[in-house]
Structures are given as structure tokens and as C-alpha cells.
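By written order: A, B, C, D and E. Residues from 1 in each chain.
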Amino acid sequence: QAKEQFFPLLSYRTGPYAPNGTPWANGKQDYLKMINARDGGINGVKLTWEECETGYATDKGVECYERLKSHPGVALFDPQATGITFALTEKVPADKIPLITLGYGLAVSQDGNAFKWNFPIMGSYWTGADILIQSIAKREGGFDKLKGKKIALVYHDSPFGKEPIPLLQERAKMHGFQLELIPVTAPGVEQKAAWLQVRQQRPDYVLLWGWGVMNSTALKEAQATGYPRDKMYGVWWSGAEPDVKDVGEGAKGYNALALNTSGQQPKVIQDILKYVHDKGQGTGPRDEVGSVLYTRGVIIQMLGVEAVRRAQERFGKGKVMTGEQVRWGLENLALDQKRLDALGFAGVLRPISTSCQDHMGSTWARIETWDGKQWKLSNDWYEADEQIIKPMVKTGAEKYLADKKMQRRAPADCQS
Amino acid sequence: MLYRENGQFKTSYRADQQIFPILQDRWAMLALLVVAYVAVPLLASPYLFPAVLIPFLIMALAALGVNILVGYCGQISLGSGAFMAVGAYGAYNFFVRIPGMPLIAAVILGGLCAMLFGILFGLPSLRVKGLYLAVATLAAQFFADWMFLRIKWLTNDSSSGSVSVSALQVFGFSLESDAAKYWFCLTVLVLTALLAKNLVRGAIGREWMAIRDMDVAAAVIGIRPMYAKLTAFAVSSFIVGMAGALWAFVYLGAWEPAAFSVEQSFRLLFMVIIGGLGSITGAFFGAAFIVVLPIFLTNVLPGFTALFGLHIDTAGLDHAQVMVFGALIVWFLVVEPHGLARLWATGKQKLRLWPFPH
Amino acid sequence: MKIVDDPGVVAAPPATGGRKLGEVILDVRNISLAFGGVKALTDISFDVREHEVRAIIGPNGAGKSSLLNCINGVYQPQEGTITFRGRGFHHMKSRQVAEMGIARTFQNLALFKGMSVLDNIMTGRNLRIRSNLLLQALRIGPAEREETRHREAVERIIDFLEIQPYRKVPVGQLPYGLQKRVDLGRALAMEPQVLLLDEPMAGMNLEEKQDMCRFILDVNDEFGTTVVLIEHDMGVVMDISDRVVVLDYGRKIGDGVPHVVRNDPDVIKAYLGTQH
Amino acid sequence: MNDRKIIIDVNGIEVIYNHVILVLKGVSLQVPEGGIVALLGGNGAGKTTTLRAISNLLAGQRGAVTKGSIELRGERIENLTPADLVRRGVVQVMEGRHCFAHLTIEENLLTGSYTRTSRSEIATNLEKVYTYFPRLKQRRDSQAAYTSGGEQQMCAIGRALMASPSVVLLDEPSMGLAPQIVEEVFEIVKDLNTRERVTFLLAEQNTGMALRYAGYGYILESGRVVMDGPASELASNEDVKEFYLGVGGSERRSFREVKSYRRRKRWLA
Amino acid sequence: MGFFLETLLGGLMAGMLYSLVALGFVLIFKASGVFNFAQGAMVLFAALAMARFAEWIPAWTGIQSLLFANVAAFLIAGAIMFVVAWLIESLVLRHLVNQEGATLLMATLGITYFLEGLGQSLFGNSIYKIDIGMPKDPVIAFDKVFEGGVLINQEDLIAALISAALVVVLSLFFQKTSTGRALRAVADDHQAAQSIGIPLARIWVIVWCVAGVVALVAGMIWGSKLGVQFSLATIALRALPVVILGGLTSVPGAIIGGLIIGVGEKLSEVYIGPLVGGGIEIWFAYVLALAFLLVRPQGLFGEKIIDRV
């Protein structure tokens, strides 16, 4: 039996969210291919994978999970959808497989003491929303300037879109700005009423919390109603190429959160081009390599691979790790700048270090702006304000535990 | 000539009124139950249970409910997803708000919530008919979608609108294992199917079918359209609501309103039409077709194309799967417009004549 | 009305005219019905006596079916009243009419196509079902017994109409003539006091018509059921009806015993044609 | 009938509905050019099915011809569409009216002339139908669904005539019509037959009437032809007299006096 | 006041865009009694074809003219829709003559799946652009009359005009020609239509083809507004209340229904939405349509539902 670590890849290359799901899924696959080609796997353990199409639908996602979960050598699942994450959160403890939900999923699952198997690494919707408010405050010249301002949240009417609301309400209370909530029914192809409301309310800023076709439609409607694009701030799921390419000049000035850079300069991307695409084994088209969502896929997969590597350090190099062991690896990630540079991710993202209590590891993000042709990253990094988020996470996690009649993990549990 | 009823004389109307008047059918049914209760759990893999069998059972239950409304009473409904959602969230609220609420009671109470909702949205059927009604029932669907996203109380104040349940128990037995879940769903399904069968072959069932086939004539022989339609809505949405509760509690464990989206409504309608309108067995065939076939295709197509040396990527696979699925629907309809259940009945009829052609 | 067990033994019916008719059971007074510009019925009055066979004839489009529809509560006449056993109605609800014991058959076959012959006729008993939904679902005790009781009654009708072999056949697949019989069976299952028949013999050959006449007369003789009959076959009308109403263009142009009506020049002109 | 050319030749056909119900068990019949042929038989004998087989309308009923052949003027027609047949002059008047419910009577008639292109021909045909059925003219603007049963029957017959057919398959034309209209319908048949040499194949329950106007007759029982012959011969046959004409023995019997235990004598089956 | 007008106008124009999709439903229903669920998939399919060919043609021919690319792509997509119509007739409808509505509905669902799969595997599943030179930026009118003026979306205005023109042409076709009458006859009774010589096959190809072209126009306009990708098929769900409110059998009904739904849904979202948390427009549209149905069960202009005994 060959030593193989198996990565189940849930993806959606079809359906309403396919334009965004595809580059993401390609990045994930290409990274695995590259590791196999360049390093021969992790310490000699080959990486294998299987893709399963969810179409962003929960029941199909669950079916995929059930199909792939008992595959030998399963490491972790990345559900790629908020709805599937909810369903799997209930299932993984029994199966002992960790979930990695980079930049999405449940905000409260940052609390590793309550959510042993969930890893919302690098950010949740709460940290994202928090950073957006920070950057707006900075633009205005301080939090005190937010007083009396009006900020509208145009959001995908689903748990994904609703997650940031509690945080924004908290911030609104703190700084005295007015928060307008404008839901858009999924998938978001008809937004006329929403933008009429924007026109009526004349908010100073619009936060865009969309996914898939909703983003480009929102930008087009903004153009059609004459709302200034540079007053619009999107979450990191509203800041990729498919969201703006089609709008082109019309989206000029629009800002979005960036978890990562884009472009083909980073060494890891170069490696992918060299070891995978040059060999004709690329999953998608070559010019998509290095795009925003593609790079995010690469990062997710890198975290998975590093978690396995970390686990091997403890449980035995060159062995196939179990889900439980990989979970430990995810909980003890220590990707400092040096490590990132070595991995070829210099400048792509900030260092990450997770712990038993903190399953997020990093809450840093930047703002990028669309100049009509491409995304331009600003150099200011923001970190979500712990003072605000921590208590909220704690209360949320407590409620979850109470509902489930579960206990917080004992400190001893963190050692296993 | 193994399968024939000749020589089986009924000595009373009671005997003739049995669900399976033919001896062979009774044995076959018994065998089927034994297989379902004993053999399947022994043979099924850890994948089959949660990914195929349980969704099949729950969807068959839902299709059964929809079939009562659409197939028996002729009121085409596209709001079944909403009834499922009401059942699920209704059961959820009873389950989490009332300490010690047993699962079965919660599921039934969820069904009752769905029943009230169903009656409410069934009221327009007194005036609106056919496709107009079908489209109008979408109002229920979108309203329910909205309601569970917007009214926080219904989701126990969860910030995102998604909720979860765990530690399910039935009469003190834990429902953690897949086999236990399977048995539970199977039992609910078998019992409901039995009750539903009794209803449709009894007086109320005849009222429904009369309304479906010719409502003016039905009124003339003293059937009250209002009563017949509203009971159909009530019974149907009760069953669909229970299915919704099971889908949420047993299959998903955690869910958001999108789990019961309009696609779900459509899928349920497909099931009853493909399976056979106005047939209890049809619900089973339909659920099998719609739930199992895509999964089967996804599992089989890559191997199949590999035979020809073709590699097919996930997207291509999904497209191929969807196309084959669509083509099969059309093909089955061309072969037998009245659904798989009718195809099955025709097959049985042929078997009865066998080895003679006619 | 009780359906007899043995339909074979039927006493020879008394000859036309010599029959004893009862009181007026159904009285139609000054009924008018219009659809937009079309006057289907204008000021129609006639009565039906208990136990009689009352025929309604008239050219196509004269308003015969509409008249039955008014009695039945399918159409609501704009004017006039209908009195049943002394109770007057301006308009009636279908369900009320059924409860009072008026049943009917339809010209264009209004059977429940997807259901078997047995089920179709069983629907005629639905008014009498007493067990509630829950009992029916569980099918225990009283519900089961009730079902069996009604089944017996229906089986007697099936025997009577000689359609035993088709019991379990979906009616949509039956030939036209048999469907007409099932239609009659469904009406009979209601055990009505008044039976309204709309062209029960259309599309039948002679022998089948004879059978149908026999059924109608048996019901009439045996149970004293009053029959109101629309029919275009004059032979049938002459032979089996006690009194005849003639309609033309929504107006009544004749009313009386068959041989009188038949020789009425107005009726001949409007309906029968000169050949007869 | 040997002196005339055969226009429709049905040769030993079997028809099965729904893949299992065998209805026609080898029916053969010939219709001579310019003739009137009656198809008689009790309920469920298979008359309608035979007509459907000829006009190729079986598919919509999920029926199929499984054996035998059907020829129109020597050409096999099993694979033609009903529309092709209409263009070859064969039109069927379907049992049970089948008017287009939402169209007015006049629109119904006009759709009947779908295969005709000449405006003047259509206009003449329409006039002709209106003279045949004055009642239709009165109700020309009402939707067909809201006309009486008899009016619909006239509409169905008239609609078929609008196609200027050379062969008409008439299924129970007299059903639901008032006596004098029945008479008229048969007069129309005779009229068209003699003046325009239209061939008729008519399935009828009204045996007396049918045999009076037809030249030749076939009697069907349970999907088989049990007797055929010139109409006059059939009309004088004792069995036919007794069972179809009701004049068995000596006199016409009253419907009131028919003995209830008398059962039909079957020729076959 | 200015804002109210603006909402009203926005609603009217959104409604016209719905009508365009609704029209496809009405056409096929009116002409064959089939409730064509595949209409949404046809919009997607046609739009995908048009978008991709408009992209490929300059690459193949070397001619860089946008106009040429668009016209050629439109024609090719139209031809493809013709082939689709022909295939649907000969592979599906032909075999389902005289079947019940539910069966036919189901068959169109099968077609929906097939077209969605086929469209995406032939033309790709990413997001594509249709650029027919629609003006994207708003104009402000009446800024002298109201404060802030009334904002008018030129793109929508043009689209609304196109759909109005289409509706006029099609209603004339149905009312005035003998083919129009034949189509209505087919919808009433397949078999009777066959029996008097109406060639169902040809009729159906024609109708589905026309519906295909209507879908193409709808796809082009919506595609130019939203970009062409899978979600375009879901527009059908927004058009359904329009169809039933206007009446399943009425071409002008599609327009009036569209206007009523468009206005109703936008006004409700803007004025009632904020009171109850928003997001109500989609169910409000359905409830509005339902309310109308309670008064007229056949929709505003639909043919009366006939039930007679």
C-alpha cells in the first residue's frame, strides 16, 4: 500500500456560483499537483485528491462528504460554502475530520475551545466587517468622524450575508453611525429595488456582501443608479476578477477586502506554472493562475499541506496522518514570515499561528481597489479589533455549547 | 405462469378490499419489508446509509405527501419546499424550546405546523386552479424562505438564521449511528405509507380523486370541494412537514432556509410525476429516480467514460450527469407518460399473461 | 330506496297511462336563465310528480341540459324558484341538492376518469360516510365495517347494471356505452328520490337502449324513484315516460302525456320533423 | 361492390392499447370509392378503434397497429401522419365531439379548412356548412365549450366538411342529435355522396338509420368482423333484425315490454 | 415625489424585462398547451450561444467590428435555437401527443436539465459578456421639477421598447393569422387538431422556434445587463408571477402583468420592505399575482377556464 494523504475537494464548477468557484477549485488542485511534482509529496507521502461537485447546494455537499469521508488517508474538508459548513459542523466530530473554512463559515467557530473541528483560518465575517469599518474610519479621518454617517449593507439574503450584521450593529452603537440593511434575494440577479433604496437613503458608504453573480450585478446597478463606486466596500468574496471584469470601467474605484495578493509574481505561483502548467497538467487555463480566488485556493491547500506536515512532525514523519492528527496540525500551525518565504508565499499573506483557543490564526487583511483593469492593493494592513470580536465570539460559543449541552474542552484536551 | 391471480377467489368484500389482494403480492411485500429492515442494514456500507438510503427514505416520505395533494387531489403545488421548511423549523422550535421534548413528538408537532401553513396556503385553491394554482403556491415557497431568514424568533435568535440539533434520541435509543437513523426513517415511512394508503383507498381518497378528475360532477354528487381540497392540503402538508423535520434533524443536522429552497419544491414535484401521479408506490419510484439516479450517475459515469479512454472533469461530469438525467426523464415519459408506477403495473400485467403475449 | 338483491325478477310494469302518480315532488316555477346575450331558458315552469318518469325533449340547444343544471345547482337561474317537497329555493347549492336526494347523470360523461368503476360508484356513497379522517387512516373497526357495508350496496348496483367484469377497470378505458352505465350506477348509489338523466341512451345501439330502459324502469318501479329524463330517441320517450315537457329555444312549447305531445303540431314542427 | 375501385383497404389488422390490451383481432374491410360503408356493433366492439387505426390517430391513445396493413388507394398509410392523410382527403370526425373549447364556433369551422388555401373555397365551404346547420350560424360567435351537446356535434361534423374531404370517417354522427337533425345529417351524407362523390365510412349505433343510407355494412363483435354484406341483405337478416333493429319476429317491441332476462346472442367469443 | 416617480419608472421597466421572459411561456402555452419550464434554460442557452459566438467570431474571421460580431452571433444563436426547437419536437413532443399537462410539464423539465447541461458544456460555465453597446450610465430627468431629479436607466428604457415591439408583433400574429388560430386549436385539443389536418410537427417547430428567438432576445438583453452565466436561468422564476397575473394565454397580458408586477414589487420593497426587514419583493410579487387570481382565476387577460358538464 502506497502512502497517500487524501484531500477531498468539494467544489462547484457548475451552477450559479461557478464563475467564482472554478478558479478557487483550480488553485486548490494545482497546489497539490505542484507539491507532488516538486517535493514528491510531504516527506514522501504522496498527495491524492478527488473532486466532488456540490453546486453550492447543501444536500449535494453532504452527499459528497459522506462519499469521500471514509476514503483512506482523508486529511480535512474544505466545504467551500457556508451552508455546507453548517451541515458538516454537526457531522465532523463523529467522524473526526477537521473542517477548514478560510474566510467563511461560522464566525463563532474561531473559538477552538468550543469548536474543536472547525478552522476559520485568516478571518471570519466578523473580522472582515470589522476591518471594513476600520478602513472607512481611516478614510474619514478617525472613528469619531463616523458619527452621524450612514452605512448601508447590501447583502446576499442567506446566512452568509447575515453573519456580519451583529458585528456591524455593535460598531454602529459604538461610533454612532446609522446602519441600513438591504437584503438581496439569492442568487441576486434582480437588484433594482435594493439600489433604489440606496438612492433613496443616500448612504455615505455601501458595504457589499455578495457572492457570485450578485457582485457584478450590484456594481452594474450602482453604475446605473449613479452611486459612486469608490464609496463601495466589498468583503473578500466580492473582490475577485469575475466580479468586476465584466463591469470593467464601470467598477472603477470600487474597494474590496483582500486576504491575499493576486498576480503571478509570487514564487509559489511561479512554481505552479513551472511544475504543473508547463507540463501541461494545469487544471484550468494558464492566465487564470494567480488570480484572486485562484491564489486563495492555493493558500487553503497550502494550509492543509502544512497542517499535515506539522502533524507529521509530531506523529511521525513520512506517515499518513489521520483526520484527528491533521486537526492537531491545524491547531498548531506556526507559519511565521520565514516559513512563508520558504514556502514561496512571501508577500502573499501575513504570518499565521493557531492555537487551541484560537482557530483563526490571523485576522489581518488589506483593501484593494479596482482601477478599471486590475486590482490595486493598498499597503495598509488592518487587524480586526480583538476587544470587540473576542467577547462576541465568546458569548456566541457559550450559547452554542449551552444549546448542545456540551462542555468547553479541558486544557488537557488541547494536548491530544 | 408464476404470477397470476386465477384461483384466488375472495369470499368477502373485506378480503377484496385488502391492500394487496393477490397472495403473491402479499408475500412480495413481506419479503421487501424483511429485506428493508434486516438485509439492507447488514449489507449497506457506511456511505450508502447517510448518502443514499436516508435521503431516499425521507424524500420518499415527502413525495408521498406531495402525491396526495398533486396526484390524488390534482392540486399542483410548488410550495412543498415551504411545507418542509415549516415542518423543520416548527419541530426545531418545539425541540429546543420545550425541555425534554421527545423527538417523535417534535416531528409530529412540526408536521402539524406545516399542516396549518398548508391549509392557509391551500385556501386560494378554492378559486384558483391548475397551473395558476401551481404558480401561486410559489408564494408559499418564497414567503417561507423569507420568513425563516427574517423572523429571528423562529430560528431561536441565531444571528445567521441557521440552526442545528444534536443528541437525538428515540425512546431512549440514541440516533447517532447511521443504521439507527435508517431504521427510524424507515419506520416513519412505512407507517405513514400505510396510513396514507388507507386514506387514499377510503372515502376521503375517493373524494380527492373525484375533485381531481371532475370537480363539477363531484360537487353534484355531494362532495364539498372545500373540504376535500383543504383536507388534501392538510394531510399532504402534514406528511411533507414531517419529512422536512426528518430531513433537517436526521439528514442535515444543521440547516439554513436554503436547504428547503424552491429547487426542493421542484424536485418533489418531479418525483411524483416521474414516479406516477396518484400512486403510493409511485412516490417510492420517483424518490428513487430523483435522489438515487444522479448519485448513481456521478459514481458510474467516470468509470464509463474511462472505458473509452476519456477523462472527464468535475464540471463536465456534472453536466453530463444533468444531461443524462434530463434525457432519462424524457425517455421514461415517452415510454410511459403516467410514470414509473404505471410502467411497473403494466409490467406486472404482462407477467400475469406470461408466457402468452396478450 | 334499497337496491334489491336480485334484479332478475322484476314484476311486469303497468302499462303507460294506467300508472298511479303521486304528489308533486319537484316544482319548477318561472325559471329564466341567460348567459350574456344567450337566453338559455325563458320563464319555464313545470312539475314532477312522485314516482313518475318525466321526459324533457326538444331540439339541440333548446335548454334541456341547462334546466337540469339549474335544478342541480350547477347553474344559478336569474329568475324563478324551484320547490322540492314543499321547500322553495331561489337557487340551490350542489351539495344541498345532493343531500336532499336528487342525483343525476351527465350528457358529456362526467365520470372520474382516473378511478376504477368500483371507486366511481363508491363516490356516490360518500354523502353517507360517517367515520372521520383519523378512523379512515387507521381503518379500524367502524371505519372498516362502514366501508364494507357501502361496498356491499355498491356491489348490488354493479350486479344490477351487469358490469361485474369491469369493476377494477379505470373508467377512461371503457367503451362509451359502459361509461354511461357507470354514470347511472354512480347516481343510483346515492339512493336518490329523484334521478335526473341527461341523454342516458345516446350512443347506444338498440339492445343497449333496451337494457338501459330496463334499468330505468326497474329503479322507477321497484323503489319508486322519480325519474326526469332527457332523450332524443322518440321511441324510448314514447314508451317509458309518463309525461313529456317540450322545450324550444328556451321556451316551453308543450307539456303532457306522450301521445298527445307527439301529435302536437308545434312539437312536430320544432322538433320531430315531418317524417315522424 | 366489386365493380368499384377500393379506396380504403384494411387487411387483418390487430390493435393493441398500452402494449397489453388487444382490441382488434384481425379486422379486414374494404371501402369502395364513392361508397357509404357502415360499421356496426355494440359498445366496445372496436369501431372507434378501427377508424382511429385508419386515420392514424391511435398514437395519441397509446395504441398501435401490430399486424396487418392499411392501404389508401393502394398506398400503405400506416406511417403517414394524420395531417398527411387529411391532405390526401381523409378526415375523421371523432367520437365525442372534440371541439376546440376556447375557439368560437366559426373559428372552429375555419380551422377545419387549415389544409385549404383558396379563400373562395373556404368561404363557400363555410356557407355550405351554415346552410346544412343553421343552428351553427346562430351560435357562430359563442365559444364552443359553451354550446350544447348537439351544437358541438354539428360543429364537429361541419368542421370536417370544411376540409373538402374525399373520404370521411364518421364516428357516431347521430349521437346526441335531435331526431330531425339526425335525419338531416344522413341526408347530408347522402347528398355529398351522390353529388360530390365523397366516400363515407361510418361507425354508428343507430343501425336502422345507418343501414338505410349505407351501401354495405360490417358488423363488429369483440374486435372481429362477424358479418358483412350489402346493407339491404343485412337489414333483412333475422339476427340483425332482432338484435340491432328491434323488429325480430314480427313487430317492433315497446321498450317497456322488453323481457329483462333476454340476453344477447353472440356470434363469436 | 421625485423618488416615488423614479421607483415607479424603475418598476415599469423591470416589469417590461420580465415580460420578455414571460412572453416565451405564453407563446408556447398558448400554442400547444404546454407549460414550458424550459423557458429559463432556453434563455440561458441562447444567451450563452450568442455571447460565445460574439467572442469567437472576431477570433475566427479576424473582423474586429463589434456590430458584425453581434449580428453574426445573433443569427447563429437564432439558427441554434431553431435546431433546438426541431430536436425538441422530434425527440420529445411528437411522442407525447395528447398527454396530460402534468406529463408535458415534466417533459419540459427534462429538457431544462438537458439544455442546462448541454449549454454549459458547449459554451462554458464562467461568466461571459454580451456587449451590444447599451448605454450604462444613468440620465437625470426633470431635475428642474423635483429635487434631485428622476433617474432614468437608459439601458432599461431601450430594453423595454424592444419588448413592447415584440409583444405587439406577436399579438397581431396570434389574433390575425390562420396559423395563429391553428395554434390555439392545438392548445385546446391535440388529437382533434390532428384529425382535421393541422400538422402538429410543423406547428410545434414553428412555435418553439419563435419562443427560442424570444428567449434569445430576452437572453441578449438580460445578458447585457447581468452578464451571461447560469443564474440567468433563474430569471424565469421572476417572470412566473407575471405570466399568471397576465393570464397564461394572453400575449398582451404578459406586458400588462409585467408592468403591474414590476411596479408592485419595487414599490413594496422600497416602501414596505424597510418596515419588515426587506427582501420581500419576490414573495410580494407572487402574493400580488395571487390576489389578482382570487378575483380573476384565469389572470387578467387569460382565457376563461372552462369547466362545464
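In this text, a contact is a pair of C-beta atoms (placed from the backbone, for glycine too) under 8 Å apart; a residue touches a chain by one contact, two chains touch by 3 or more.
The shown structure was predicted, so the numbers you read here are calculated from the model rather than taken from an experiment.
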Partner chains shared by chain A and chain B (touch criterion as defined above): E
Lowest number of touching-chain links that must be crossed from chain A to chain E: 1
Interface with more contacting C-beta pairs, comparing B-D to B-C: B-C
By mean Cα position, the chain sitting nearest the middle: B
Centroid-based (C-alpha) most distant chain relative to chain D: A
Chain B-chain E separation of Cα centroids, rounded to whole Å: 32
Distance from chain C to chain A - Cα centre to Cα centre, in angstrom: 74
Interchain centroid distance [CA atoms averaged], chain C/chain D, Å: 29
Touching two or more other chains - residue numbers and ranges from chain E: 120, 125, 277-279, 282, 308-309
Junction residues of chain C, two or more chains touched: 74, 106-108, 110
Junction residues of chain D - those touching two or more other chains: 146
Complex interface listing, chain B residues touching chain D: 337, 346, 349-350, 353, 358
Contact footprint of chain C on chain D as seen in their complex: 17, 21, 40-45, 48, 95-96, 135, 139, 142, 146-151, 153-154, 172, 175-183, 205-208, 243-246, 252, 254-256, 258, 260-261, 264
Touching residues on chain D, where the partner in the complex is chain E: 55, 57, 59-61, 81-83, 85-87, 91-94, 98-103, 107-108, 110-112, 114-115, 143, 145-146, 156, 159-160, 162-163
List of chain B residues in touch with chain C within their complex: 12-14, 17, 195-196, 198-199, 202-204, 206-207, 209-210, 212-214, 216-224, 231, 235, 278
Of all residues in chain C, those that touch chain D in their complex: 7-8, 10, 13, 15-16, 35, 38, 58-62, 65, 107-108, 173-178, 199, 202-210, 213-214, 217-218, 232-236, 239-240, 271-273, 275-276
